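Each chain gets a letter, A, B, C and D, in the order it is written, and its residues are counted from 1.
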Amino acid sequence: MSYARQMLDTYPGAVNVDPGLLAAAIDALSDCAQACTADTDADLTEPNLAEMVTCIRLCLNCEDVCTAAVAVMSRPAQSDASVTRPLLEACVAICKSCGDECERHAHMQHCRVCAEACRRCEQACRELINAMK
Amino acid sequence: MSYARQMLDTYPGAVNVDPGLLAAAIDALSDCAQACTADTDADLTEPNLAEMVTCIRLCLNCEDVCTAAVAVMSRPAQSDASVTRPLLEACVAICKSCGDECERHAHMQHCRVCAEACRRCEQACRELINAMK
Amino acid sequence: MSYARQMLDTYPGAVNVDPGLLAAAIDALSDCAQACTADTDADLTEPNLAEMVTCIRLCLNCEDVCTAAVAVMSRPAQSDASVTRPLLEACVAICKSCGDECERHAHMQHCRVCAEACRRCEQACRELINAMK
Amino acid sequence: MSYARQMLDTYPGAVNVDPGLLAAAIDALSDCAQACTADTDADLTEPNLAEMVTCIRLCLNCEDVCTAAVAVMSRPAQSDASVTRPLLEACVAICKSCGDECERHAHMQHCRVCAEACRRCEQACRELINAMK
(Lines give C-alpha, C1' and ligand atoms only; values in the text may rest on other atoms or scores of the structure.)
Protein backbone atom coordinates (compact mmCIF):
# COMPACT_ATOMS: atom_id res chain seq x y z
CA MET A 1 0.00 0.00 0.00
CA SER A 2 1.42 3.39 -0.95
CA TYR A 3 2.25 6.03 1.66
CA ALA A 4 -0.42 8.27 0.13
CA ARG A 5 -3.01 5.58 0.85
CA GLN A 6 -1.65 4.88 4.35
CA MET A 7 -1.74 8.59 5.18
CA LEU A 8 -5.35 8.82 4.01
CA ASP A 9 -6.32 5.69 5.96
CA THR A 10 -4.90 7.23 9.15
CA TYR A 11 -6.20 10.75 8.49
CA PRO A 12 -7.95 12.01 11.64
CA GLY A 13 -10.53 14.14 9.79
CA ALA A 14 -13.15 13.61 7.12
CA VAL A 15 -12.14 13.06 3.50
CA ASN A 16 -14.91 14.12 1.14
CA VAL A 17 -13.96 11.93 -1.78
CA ASP A 18 -13.30 8.22 -2.27
CA PRO A 19 -9.89 7.63 -0.62
CA GLY A 20 -8.94 4.99 -3.18
CA LEU A 21 -9.41 7.42 -6.07
CA LEU A 22 -7.65 10.21 -4.20
CA ALA A 23 -4.66 8.04 -3.25
CA ALA A 24 -4.43 6.74 -6.84
CA ALA A 25 -4.41 10.31 -8.16
CA ILE A 26 -1.75 11.45 -5.67
CA ASP A 27 0.46 8.47 -6.57
CA ALA A 28 -0.04 9.01 -10.31
CA LEU A 29 0.71 12.73 -9.98
CA SER A 30 3.86 11.98 -8.02
CA ASP A 31 5.04 9.36 -10.52
CA CYS A 32 4.27 11.66 -13.44
CA ALA A 33 6.17 14.59 -11.92
CA GLN A 34 9.20 12.37 -11.36
CA ALA A 35 9.05 10.75 -14.81
CA CYS A 36 8.79 14.17 -16.50
CA THR A 37 11.75 15.48 -14.50
CA ALA A 38 13.83 12.46 -15.50
CA ASP A 39 12.64 12.66 -19.09
CA THR A 40 13.80 16.27 -19.40
CA ASP A 41 17.30 15.15 -18.56
CA ALA A 42 17.09 12.11 -20.87
CA ASP A 43 15.85 14.32 -23.73
CA LEU A 44 18.82 16.65 -23.24
CA THR A 45 21.11 13.63 -23.70
CA GLU A 46 19.69 12.75 -27.13
CA PRO A 47 21.69 13.71 -30.25
CA ASN A 48 18.77 15.31 -32.13
CA LEU A 49 18.13 18.09 -29.65
CA ALA A 50 16.00 20.20 -31.97
CA GLU A 51 13.44 17.37 -32.07
CA MET A 52 13.29 17.23 -28.29
CA VAL A 53 12.61 20.90 -27.50
CA THR A 54 8.82 20.65 -27.37
CA CYS A 55 9.04 17.50 -25.28
CA ILE A 56 11.39 19.18 -22.80
CA ARG A 57 9.11 22.20 -22.49
CA LEU A 58 6.00 20.10 -21.95
CA CYS A 59 7.80 17.90 -19.41
CA LEU A 60 8.89 20.98 -17.45
CA ASN A 61 5.33 22.30 -17.26
CA CYS A 62 3.96 18.86 -16.43
CA GLU A 63 6.44 18.46 -13.59
CA ASP A 64 5.55 21.82 -12.04
CA VAL A 65 1.77 21.46 -12.27
CA CYS A 66 1.76 17.85 -11.03
CA THR A 67 4.09 18.66 -8.12
CA ALA A 68 1.72 21.40 -6.95
CA ALA A 69 -1.24 19.04 -7.30
CA VAL A 70 0.48 16.33 -5.23
CA ALA A 71 0.85 18.84 -2.39
CA VAL A 72 -2.64 20.34 -2.58
CA MET A 73 -4.39 16.96 -2.94
CA SER A 74 -2.33 15.53 -0.05
CA ARG A 75 -4.03 17.98 2.34
CA PRO A 76 -7.70 17.01 2.14
CA ALA A 77 -9.03 19.18 4.98
CA GLN A 78 -9.27 22.50 3.17
CA SER A 79 -10.19 20.95 -0.17
CA ASP A 80 -12.13 23.55 -2.14
CA ALA A 81 -13.40 22.67 -5.61
CA SER A 82 -12.86 26.25 -6.85
CA VAL A 83 -9.12 25.56 -6.43
CA THR A 84 -8.77 21.81 -6.88
CA ARG A 85 -10.95 21.52 -9.98
CA PRO A 86 -8.99 24.01 -12.15
CA LEU A 87 -5.73 22.67 -10.76
CA LEU A 88 -6.67 19.11 -11.74
CA GLU A 89 -7.92 20.41 -15.11
CA ALA A 90 -4.51 21.99 -15.68
CA CYS A 91 -2.98 18.58 -14.83
CA VAL A 92 -5.26 16.79 -17.31
CA ALA A 93 -4.41 19.29 -20.07
CA ILE A 94 -0.64 19.20 -19.59
CA CYS A 95 -0.55 15.40 -19.08
CA LYS A 96 -2.49 15.00 -22.34
CA SER A 97 -0.12 17.28 -24.29
CA CYS A 98 2.99 15.84 -22.71
CA GLY A 99 1.80 12.25 -23.14
CA ASP A 100 0.97 12.90 -26.82
CA GLU A 101 4.37 14.44 -27.47
CA CYS A 102 6.26 11.66 -25.65
CA GLU A 103 4.31 9.04 -27.57
CA ARG A 104 5.31 10.70 -30.85
CA HIS A 105 8.88 9.52 -30.24
CA ALA A 106 8.17 6.45 -28.18
CA HIS A 107 11.01 4.67 -30.00
CA MET A 108 13.08 6.41 -27.34
CA GLN A 109 12.45 4.16 -24.37
CA HIS A 110 12.52 6.98 -21.82
CA CYS A 111 9.78 8.83 -23.69
CA ARG A 112 7.71 5.64 -23.85
CA VAL A 113 7.93 5.27 -20.06
CA CYS A 114 7.18 8.96 -19.54
CA ALA A 115 4.18 8.78 -21.89
CA GLU A 116 2.79 5.94 -19.83
CA ALA A 117 3.20 7.93 -16.58
CA CYS A 118 1.43 10.92 -18.21
CA ARG A 119 -1.46 8.76 -19.49
CA ARG A 120 -2.00 7.18 -16.09
CA CYS A 121 -1.91 10.58 -14.40
CA GLU A 122 -4.33 12.12 -16.90
CA GLN A 123 -6.72 9.21 -16.33
CA ALA A 124 -6.44 9.34 -12.53
CA CYS A 125 -7.06 13.11 -12.49
CA ARG A 126 -10.11 12.74 -14.76
CA GLU A 127 -11.55 10.09 -12.45
CA LEU A 128 -10.97 12.28 -9.43
CA ILE A 129 -12.62 15.29 -11.11
CA ASN A 130 -15.63 13.12 -11.97
CA ALA A 131 -15.82 11.81 -8.40
CA MET A 132 -15.81 15.39 -7.07
CA LYS A 133 -19.01 16.25 -8.97
CA MET B 1 13.35 46.52 -12.93
CA SER B 2 12.59 43.03 -11.63
CA TYR B 3 14.50 39.99 -12.87
CA ALA B 4 11.24 38.63 -14.29
CA ARG B 5 10.94 41.74 -16.43
CA GLN B 6 14.62 41.70 -17.43
CA MET B 7 14.36 38.04 -18.44
CA LEU B 8 11.30 38.80 -20.58
CA ASP B 9 13.00 41.82 -22.17
CA THR B 10 15.97 39.65 -23.20
CA TYR B 11 13.87 36.62 -24.23
CA PRO B 12 15.03 35.45 -27.66
CA GLY B 13 11.60 34.21 -28.80
CA ALA B 14 8.11 35.63 -29.15
CA VAL B 15 6.00 36.35 -26.06
CA ASN B 16 2.30 36.26 -26.92
CA VAL B 17 1.07 38.48 -24.13
CA ASP B 18 1.95 41.96 -22.87
CA PRO B 19 5.35 41.55 -21.16
CA GLY B 20 4.52 44.17 -18.53
CA LEU B 21 1.41 42.27 -17.42
CA LEU B 22 3.24 38.95 -17.51
CA ALA B 23 6.21 40.23 -15.49
CA ALA B 24 3.85 41.85 -12.98
CA ALA B 25 1.98 38.56 -12.57
CA ILE B 26 5.20 36.55 -12.13
CA ASP B 27 6.47 39.01 -9.51
CA ALA B 28 3.12 39.05 -7.68
CA LEU B 29 2.94 35.22 -7.72
CA SER B 30 6.46 34.99 -6.39
CA ASP B 31 5.80 37.54 -3.63
CA CYS B 32 2.54 35.83 -2.71
CA ALA B 33 4.13 32.38 -2.50
CA GLN B 34 6.85 33.74 -0.21
CA ALA B 35 4.45 35.74 1.97
CA CYS B 36 2.17 32.71 2.40
CA THR B 37 5.13 30.51 3.34
CA ALA B 38 6.27 33.05 5.93
CA ASP B 39 2.72 33.56 7.18
CA THR B 40 2.30 29.84 7.84
CA ASP B 41 5.24 30.01 10.20
CA ALA B 42 4.04 33.23 11.80
CA ASP B 43 0.56 31.74 12.33
CA LEU B 44 2.11 28.74 14.07
CA THR B 45 3.79 31.17 16.51
CA GLU B 46 0.48 32.75 17.61
CA PRO B 47 -1.02 31.71 20.95
CA ASN B 48 -4.57 31.07 19.65
CA LEU B 49 -3.64 28.26 17.30
CA ALA B 50 -7.19 27.00 16.81
CA GLU B 51 -8.09 30.33 15.20
CA MET B 52 -5.18 30.07 12.78
CA VAL B 53 -5.81 26.59 11.33
CA THR B 54 -7.85 27.72 8.33
CA CYS B 55 -5.35 30.47 7.59
CA ILE B 56 -2.43 28.00 7.70
CA ARG B 57 -4.22 25.58 5.38
CA LEU B 58 -5.10 28.27 2.86
CA CYS B 59 -1.56 29.68 2.97
CA LEU B 60 -0.11 26.22 2.27
CA ASN B 61 -2.33 25.76 -0.78
CA CYS B 62 -1.67 29.30 -1.96
CA GLU B 63 2.09 28.78 -1.71
CA ASP B 64 1.99 25.57 -3.75
CA VAL B 65 -0.30 26.82 -6.53
CA CYS B 66 1.51 30.16 -6.88
CA THR B 67 4.95 28.51 -6.92
CA ALA B 68 3.85 26.28 -9.80
CA ALA B 69 2.43 29.29 -11.64
CA VAL B 70 5.69 31.26 -11.25
CA ALA B 71 7.53 28.43 -12.99
CA VAL B 72 5.01 27.81 -15.77
CA MET B 73 4.51 31.53 -16.53
CA SER B 74 8.30 32.10 -16.51
CA ARG B 75 8.62 29.85 -19.59
CA PRO B 76 6.57 31.67 -22.22
CA ALA B 77 7.50 29.54 -25.26
CA GLN B 78 5.18 26.61 -24.72
CA SER B 79 2.40 28.73 -23.22
CA ASP B 80 -0.87 26.88 -23.83
CA ALA B 81 -4.12 28.43 -22.59
CA SER B 82 -5.61 25.00 -21.84
CA VAL B 83 -2.97 24.74 -19.10
CA THR B 84 -2.23 28.34 -18.10
CA ARG B 85 -5.86 29.48 -17.87
CA PRO B 86 -7.01 26.87 -15.30
CA LEU B 87 -3.72 27.24 -13.45
CA LEU B 88 -4.20 31.01 -13.17
CA GLU B 89 -7.86 30.44 -12.23
CA ALA B 90 -6.70 28.18 -9.41
CA CYS B 91 -4.36 31.02 -8.33
CA VAL B 92 -7.19 33.56 -8.40
CA ALA B 93 -9.44 31.26 -6.33
CA ILE B 94 -6.87 30.43 -3.67
CA CYS B 95 -5.53 34.01 -3.47
CA LYS B 96 -9.11 35.23 -2.95
CA SER B 97 -9.80 32.70 -0.15
CA CYS B 98 -6.43 33.19 1.48
CA GLY B 99 -6.61 36.98 1.21
CA ASP B 100 -10.12 36.98 2.75
CA GLU B 101 -9.03 34.78 5.63
CA CYS B 102 -5.87 36.80 6.31
CA GLU B 103 -7.88 40.01 6.27
CA ARG B 104 -10.25 38.54 8.87
CA HIS B 105 -7.44 38.76 11.42
CA ALA B 106 -5.53 41.66 9.97
CA HIS B 107 -4.88 42.92 13.49
CA MET B 108 -2.03 40.44 13.30
CA GLN B 109 0.46 42.41 11.25
CA HIS B 110 1.85 39.38 9.41
CA CYS B 111 -1.64 38.47 8.19
CA ARG B 112 -2.20 42.04 7.04
CA VAL B 113 0.97 41.92 4.93
CA CYS B 114 0.08 38.47 3.60
CA ALA B 115 -3.44 39.60 2.72
CA GLU B 116 -1.97 42.44 0.70
CA ALA B 117 0.34 40.05 -1.21
CA CYS B 118 -2.66 37.76 -1.92
CA ARG B 119 -4.81 40.67 -3.16
CA ARG B 120 -2.10 41.94 -5.49
CA CYS B 121 -1.52 38.45 -6.83
CA GLU B 122 -5.23 37.81 -7.37
CA GLN B 123 -5.49 41.10 -9.26
CA ALA B 124 -2.38 40.48 -11.38
CA CYS B 125 -3.60 36.99 -12.33
CA ARG B 126 -7.05 38.31 -13.27
CA GLU B 127 -5.45 40.95 -15.51
CA LEU B 128 -3.27 38.34 -17.16
CA ILE B 129 -6.24 36.01 -17.76
CA ASN B 130 -8.14 38.91 -19.33
CA ALA B 131 -5.17 39.82 -21.53
CA MET B 132 -4.96 36.21 -22.75
CA LYS B 133 -8.48 36.35 -24.18
CA MET C 1 9.23 -1.55 -10.84
CA SER C 2 8.88 2.15 -9.94
CA TYR C 3 8.88 4.85 -12.61
CA ALA C 4 12.10 6.22 -11.12
CA ARG C 5 13.76 2.86 -11.77
CA GLN C 6 12.24 2.53 -15.25
CA MET C 7 13.43 6.02 -16.18
CA LEU C 8 16.96 5.18 -14.99
CA ASP C 9 16.94 1.88 -16.89
CA THR C 10 16.03 3.69 -20.12
CA TYR C 11 18.33 6.68 -19.54
CA PRO C 12 20.38 7.28 -22.69
CA GLY C 13 23.48 8.58 -20.88
CA ALA C 14 25.83 7.34 -18.19
CA VAL C 15 24.70 7.18 -14.55
CA ASN C 16 27.66 7.41 -12.22
CA VAL C 17 26.11 5.69 -9.25
CA ASP C 18 24.36 2.35 -8.69
CA PRO C 19 20.93 2.77 -10.34
CA GLY C 20 19.24 0.60 -7.74
CA LEU C 21 20.43 2.83 -4.89
CA LEU C 22 19.59 5.98 -6.83
CA ALA C 23 16.07 4.81 -7.72
CA ALA C 24 15.49 3.70 -4.12
CA ALA C 25 16.54 7.14 -2.87
CA ILE C 26 14.33 8.97 -5.38
CA ASP C 27 11.34 6.81 -4.43
CA ALA C 28 11.99 7.25 -0.71
CA LEU C 29 12.39 11.03 -1.10
CA SER C 30 9.16 11.22 -3.07
CA ASP C 31 7.26 9.12 -0.52
CA CYS C 32 8.69 11.15 2.35
CA ALA C 33 7.75 14.49 0.76
CA GLN C 34 4.19 13.27 0.24
CA ALA C 35 3.86 11.75 3.72
CA CYS C 36 5.14 14.95 5.35
CA THR C 37 2.70 17.06 3.32
CA ALA C 38 -0.19 14.83 4.37
CA ASP C 39 1.03 14.73 7.96
CA THR C 40 1.01 18.53 8.18
CA ASP C 41 -2.67 18.49 7.35
CA ALA C 42 -3.38 15.59 9.72
CA ASP C 43 -1.52 17.37 12.54
CA LEU C 44 -3.66 20.48 11.99
CA THR C 45 -6.75 18.30 12.52
CA GLU C 46 -5.65 17.10 15.97
CA PRO C 47 -7.24 18.67 19.05
CA ASN C 48 -3.98 19.35 20.91
CA LEU C 49 -2.55 21.77 18.38
CA ALA C 50 0.13 23.19 20.66
CA GLU C 51 1.73 19.73 20.84
CA MET C 52 1.81 19.48 17.05
CA VAL C 53 3.56 22.74 16.18
CA THR C 54 7.10 21.37 16.10
CA CYS C 55 5.94 18.38 14.07
CA ILE C 56 4.20 20.64 11.53
CA ARG C 57 7.26 22.84 11.17
CA LEU C 58 9.61 19.89 10.68
CA CYS C 59 7.22 18.28 8.19
CA LEU C 60 7.11 21.50 6.15
CA ASN C 61 10.89 21.68 5.96
CA CYS C 62 11.17 17.99 5.20
CA GLU C 63 8.67 18.28 2.35
CA ASP C 64 10.53 21.18 0.74
CA VAL C 65 14.03 19.73 1.00
CA CYS C 66 12.95 16.25 -0.17
CA THR C 67 10.95 17.65 -3.10
CA ALA C 68 14.03 19.54 -4.32
CA ALA C 69 16.15 16.41 -3.92
CA VAL C 70 13.69 14.30 -5.95
CA ALA C 71 14.07 16.73 -8.83
CA VAL C 72 17.86 17.13 -8.65
CA MET C 73 18.50 13.38 -8.22
CA SER C 74 16.11 12.57 -11.09
CA ARG C 75 18.45 14.35 -13.52
CA PRO C 76 21.67 12.32 -13.30
CA ALA C 77 23.58 13.94 -16.18
CA GLN C 78 24.80 17.06 -14.43
CA SER C 79 25.23 15.38 -11.07
CA ASP C 80 27.86 17.31 -9.13
CA ALA C 81 28.82 16.18 -5.64
CA SER C 82 29.40 19.76 -4.49
CA VAL C 83 25.63 20.22 -4.90
CA THR C 84 24.16 16.76 -4.36
CA ARG C 85 26.15 15.90 -1.25
CA PRO C 86 25.04 18.90 0.86
CA LEU C 87 21.52 18.59 -0.52
CA LEU C 88 21.37 14.93 0.54
CA GLU C 89 22.95 15.86 3.89
CA ALA C 90 20.17 18.40 4.40
CA CYS C 91 17.69 15.59 3.64
CA VAL C 92 19.34 13.25 6.15
CA ALA C 93 19.28 15.96 8.86
CA ILE C 94 15.66 16.98 8.36
CA CYS C 95 14.44 13.37 7.93
CA LYS C 96 16.18 12.49 11.20
CA SER C 97 14.61 15.40 13.11
CA CYS C 98 11.19 14.93 11.55
CA GLY C 99 11.25 11.16 12.04
CA ASP C 100 12.26 11.60 15.71
CA GLU C 101 9.47 14.09 16.34
CA CYS C 102 6.83 11.98 14.56
CA GLU C 103 7.92 8.93 16.54
CA ARG C 104 7.47 10.90 19.77
CA HIS C 105 3.70 10.84 19.19
CA ALA C 106 3.45 7.64 17.19
CA HIS C 107 0.21 6.84 19.02
CA MET C 108 -1.26 9.08 16.32
CA GLN C 109 -1.33 6.67 13.41
CA HIS C 110 -0.56 9.34 10.80
CA CYS C 111 2.61 10.30 12.64
CA ARG C 112 3.62 6.65 12.87
CA VAL C 113 3.30 6.28 9.08
CA CYS C 114 5.12 9.57 8.50
CA ALA C 115 7.93 8.55 10.86
CA GLU C 116 8.39 5.37 8.85
CA ALA C 117 8.60 7.34 5.58
CA CYS C 118 11.18 9.68 7.16
CA ARG C 119 13.30 6.77 8.48
CA ARG C 120 13.36 5.04 5.11
CA CYS C 121 14.26 8.27 3.37
CA GLU C 122 17.04 9.06 5.84
CA GLN C 123 18.44 5.57 5.33
CA ALA C 124 18.19 5.69 1.52
CA CYS C 125 19.92 9.09 1.41
CA ARG C 126 22.72 7.88 3.70
CA GLU C 127 23.29 4.85 1.45
CA LEU C 128 23.40 7.07 -1.62
CA ILE C 129 25.87 9.48 0.00
CA ASN C 130 28.10 6.51 0.92
CA ALA C 131 27.87 5.14 -2.62
CA MET C 132 28.94 8.53 -4.01
CA LYS C 133 32.23 8.41 -2.11
CA MET D 1 10.53 47.10 1.09
CA SER D 2 10.16 43.52 -0.14
CA TYR D 3 7.44 41.23 1.18
CA ALA D 4 10.14 38.97 2.61
CA ARG D 5 11.38 41.90 4.71
CA GLN D 6 7.85 42.97 5.70
CA MET D 7 7.01 39.43 6.78
CA LEU D 8 10.17 39.28 8.91
CA ASP D 9 9.44 42.70 10.44
CA THR D 10 5.97 41.53 11.50
CA TYR D 11 7.06 38.04 12.59
CA PRO D 12 5.62 37.34 16.05
CA GLY D 13 8.53 35.14 17.21
CA ALA D 14 12.28 35.46 17.54
CA VAL D 15 14.50 35.46 14.45
CA ASN D 16 17.99 34.27 15.32
CA VAL D 17 19.83 35.97 12.49
CA ASP D 18 20.03 39.53 11.17
CA PRO D 19 16.65 40.12 9.45
CA GLY D 20 18.23 42.32 6.78
CA LEU D 21 20.62 39.55 5.72
CA LEU D 22 17.88 36.93 5.87
CA ALA D 23 15.42 38.99 3.80
CA ALA D 24 18.16 39.78 1.27
CA ALA D 25 18.94 36.08 0.93
CA ILE D 26 15.28 35.12 0.53
CA ASP D 27 14.80 37.79 -2.14
CA ALA D 28 17.99 36.79 -3.96
CA LEU D 29 17.02 33.09 -3.84
CA SER D 30 13.58 33.90 -5.19
CA ASP D 31 14.97 36.08 -7.99
CA CYS D 32 17.57 33.44 -8.86
CA ALA D 33 15.00 30.63 -9.02
CA GLN D 34 12.83 32.70 -11.33
CA ALA D 35 15.72 33.85 -13.55
CA CYS D 36 16.97 30.26 -13.92
CA THR D 37 13.49 29.04 -14.81
CA ALA D 38 13.15 31.74 -17.46
CA ASP D 39 16.69 31.14 -18.71
CA THR D 40 15.97 27.45 -19.29
CA ASP D 41 13.20 28.44 -21.67
CA ALA D 42 15.32 31.13 -23.32
CA ASP D 43 18.18 28.65 -23.81
CA LEU D 44 15.79 26.23 -25.51
CA THR D 45 14.93 28.98 -27.99
CA GLU D 46 18.54 29.48 -29.10
CA PRO D 47 19.66 27.98 -32.44
CA ASN D 48 22.84 26.33 -31.10
CA LEU D 49 21.13 23.98 -28.70
CA ALA D 50 24.13 21.72 -28.18
CA GLU D 51 26.00 24.67 -26.63
CA MET D 52 23.15 25.32 -24.21
CA VAL D 53 22.72 21.85 -22.70
CA THR D 54 25.00 22.37 -19.70
CA CYS D 55 23.45 25.76 -19.02
CA ILE D 56 19.93 24.27 -19.10
CA ARG D 57 20.91 21.48 -16.73
CA LEU D 58 22.56 23.83 -14.26
CA CYS D 59 19.61 26.24 -14.41
CA LEU D 60 17.20 23.39 -13.63
CA ASN D 61 19.19 22.35 -10.56
CA CYS D 62 19.63 25.95 -9.46
CA GLU D 63 15.88 26.58 -9.72
CA ASP D 64 15.02 23.53 -7.61
CA VAL D 65 17.57 24.08 -4.86
CA CYS D 66 16.86 27.82 -4.58
CA THR D 67 13.08 27.28 -4.51
CA ALA D 68 13.47 24.88 -1.58
CA ALA D 69 15.73 27.35 0.20
CA VAL D 70 13.22 30.20 -0.24
CA ALA D 71 10.62 28.09 1.54
CA VAL D 72 12.85 26.81 4.34
CA MET D 73 14.44 30.22 5.02
CA SER D 74 11.00 31.90 4.99
CA ARG D 75 10.03 29.91 8.11
CA PRO D 76 12.54 31.10 10.72
CA ALA D 77 11.01 29.42 13.79
CA GLN D 78 12.34 25.90 13.31
CA SER D 79 15.62 27.04 11.78
CA ASP D 80 18.20 24.33 12.45
CA ALA D 81 21.74 24.80 11.19
CA SER D 82 22.14 21.06 10.52
CA VAL D 83 19.55 21.56 7.77
CA THR D 84 19.92 25.18 6.69
CA ARG D 85 23.71 25.17 6.45
CA PRO D 86 24.02 22.28 3.94
CA LEU D 87 20.98 23.59 2.07
CA LEU D 88 22.57 27.03 1.72
CA GLU D 89 25.88 25.37 0.81
CA ALA D 90 24.10 23.51 -1.99
CA CYS D 91 22.72 26.90 -3.12
CA VAL D 92 26.19 28.47 -3.10
CA ALA D 93 27.64 25.56 -5.12
CA ILE D 94 24.92 25.48 -7.76
CA CYS D 95 24.73 29.30 -8.04
CA LYS D 96 28.49 29.37 -8.58
CA SER D 97 28.39 26.70 -11.31
CA CYS D 98 25.32 28.14 -12.97
CA GLY D 99 26.63 31.71 -12.80
CA ASP D 100 29.97 30.62 -14.30
CA GLU D 101 28.26 28.78 -17.14
CA CYS D 102 25.84 31.64 -17.89
CA GLU D 103 28.74 34.10 -17.89
CA ARG D 104 30.54 31.94 -20.46
CA HIS D 105 27.91 32.96 -23.03
CA ALA D 106 26.96 36.32 -21.64
CA HIS D 107 26.73 37.64 -25.19
CA MET D 108 23.24 36.16 -24.95
CA GLN D 109 21.49 38.83 -22.95
CA HIS D 110 19.25 36.39 -21.06
CA CYS D 111 22.30 34.49 -19.80
CA ARG D 112 23.93 37.76 -18.75
CA VAL D 113 20.87 38.62 -16.64
CA CYS D 114 20.68 35.10 -15.23
CA ALA D 115 24.39 35.14 -14.36
CA GLU D 116 23.84 38.32 -12.40
CA ALA D 117 20.93 36.78 -10.46
CA CYS D 118 23.10 33.72 -9.68
CA ARG D 119 26.04 35.87 -8.51
CA ARG D 120 23.84 37.92 -6.20
CA CYS D 121 22.24 34.80 -4.79
CA GLU D 122 25.59 33.09 -4.22
CA GLN D 123 26.83 36.19 -2.39
CA ALA D 124 23.68 36.58 -0.28
CA CYS D 125 23.80 32.89 0.74
CA ARG D 126 27.48 33.14 1.67
CA GLU D 127 26.76 36.18 3.85
CA LEU D 128 23.90 34.38 5.54
CA ILE D 129 26.03 31.29 6.21
CA ASN D 130 28.72 33.51 7.73
CA ALA D 131 26.15 35.31 9.89
CA MET D 132 24.87 31.94 11.17
CA LYS D 133 28.28 31.06 12.60
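Everything that follows uses one rule, which is that a residue touches a chain if its C-beta (ideal position, glycine included) is under 8 Å from a C-beta of that chain, and two chains touch if they have at least 3 such contacts.
Quick caveat, the model's predicted, so the values are computed rather than measured.
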item: Far-end chain from chain D, centres as C-alpha averages; value: A
item: Of A-C and B-C, pair with higher C-beta contact tally; value: A-C
item: Centre-of-Cα separation between chain C and chain B, whole angstrom; value: 27
item: Distance between the centres, which are taken as Cα means, of chain C and chain A, whole angstrom; value: 19
item: Sites on chain D at which at least two other chains make contact; value: 40-41, 44, 57, 60, 67, 71, 75, 77-78
item: Of chain C, residues touching chain B in the complex; value: 40-41, 44, 49-50, 53, 56-57, 60
item: Residues on chain C engaged by chain A in the complex (per definition of touch); value: 2-4, 6-8, 10-13, 26, 30-31, 33-35, 37-42, 44-46, 63, 67, 70-71, 74-78, 108-110, 112-114, 117
item: Sites on chain D touched by chain C in the complex; value: 54, 57-58, 60-61, 64-65, 67-68, 71-72, 75, 77-78, 80, 82-84, 86-87, 89-90, 93-94, 97
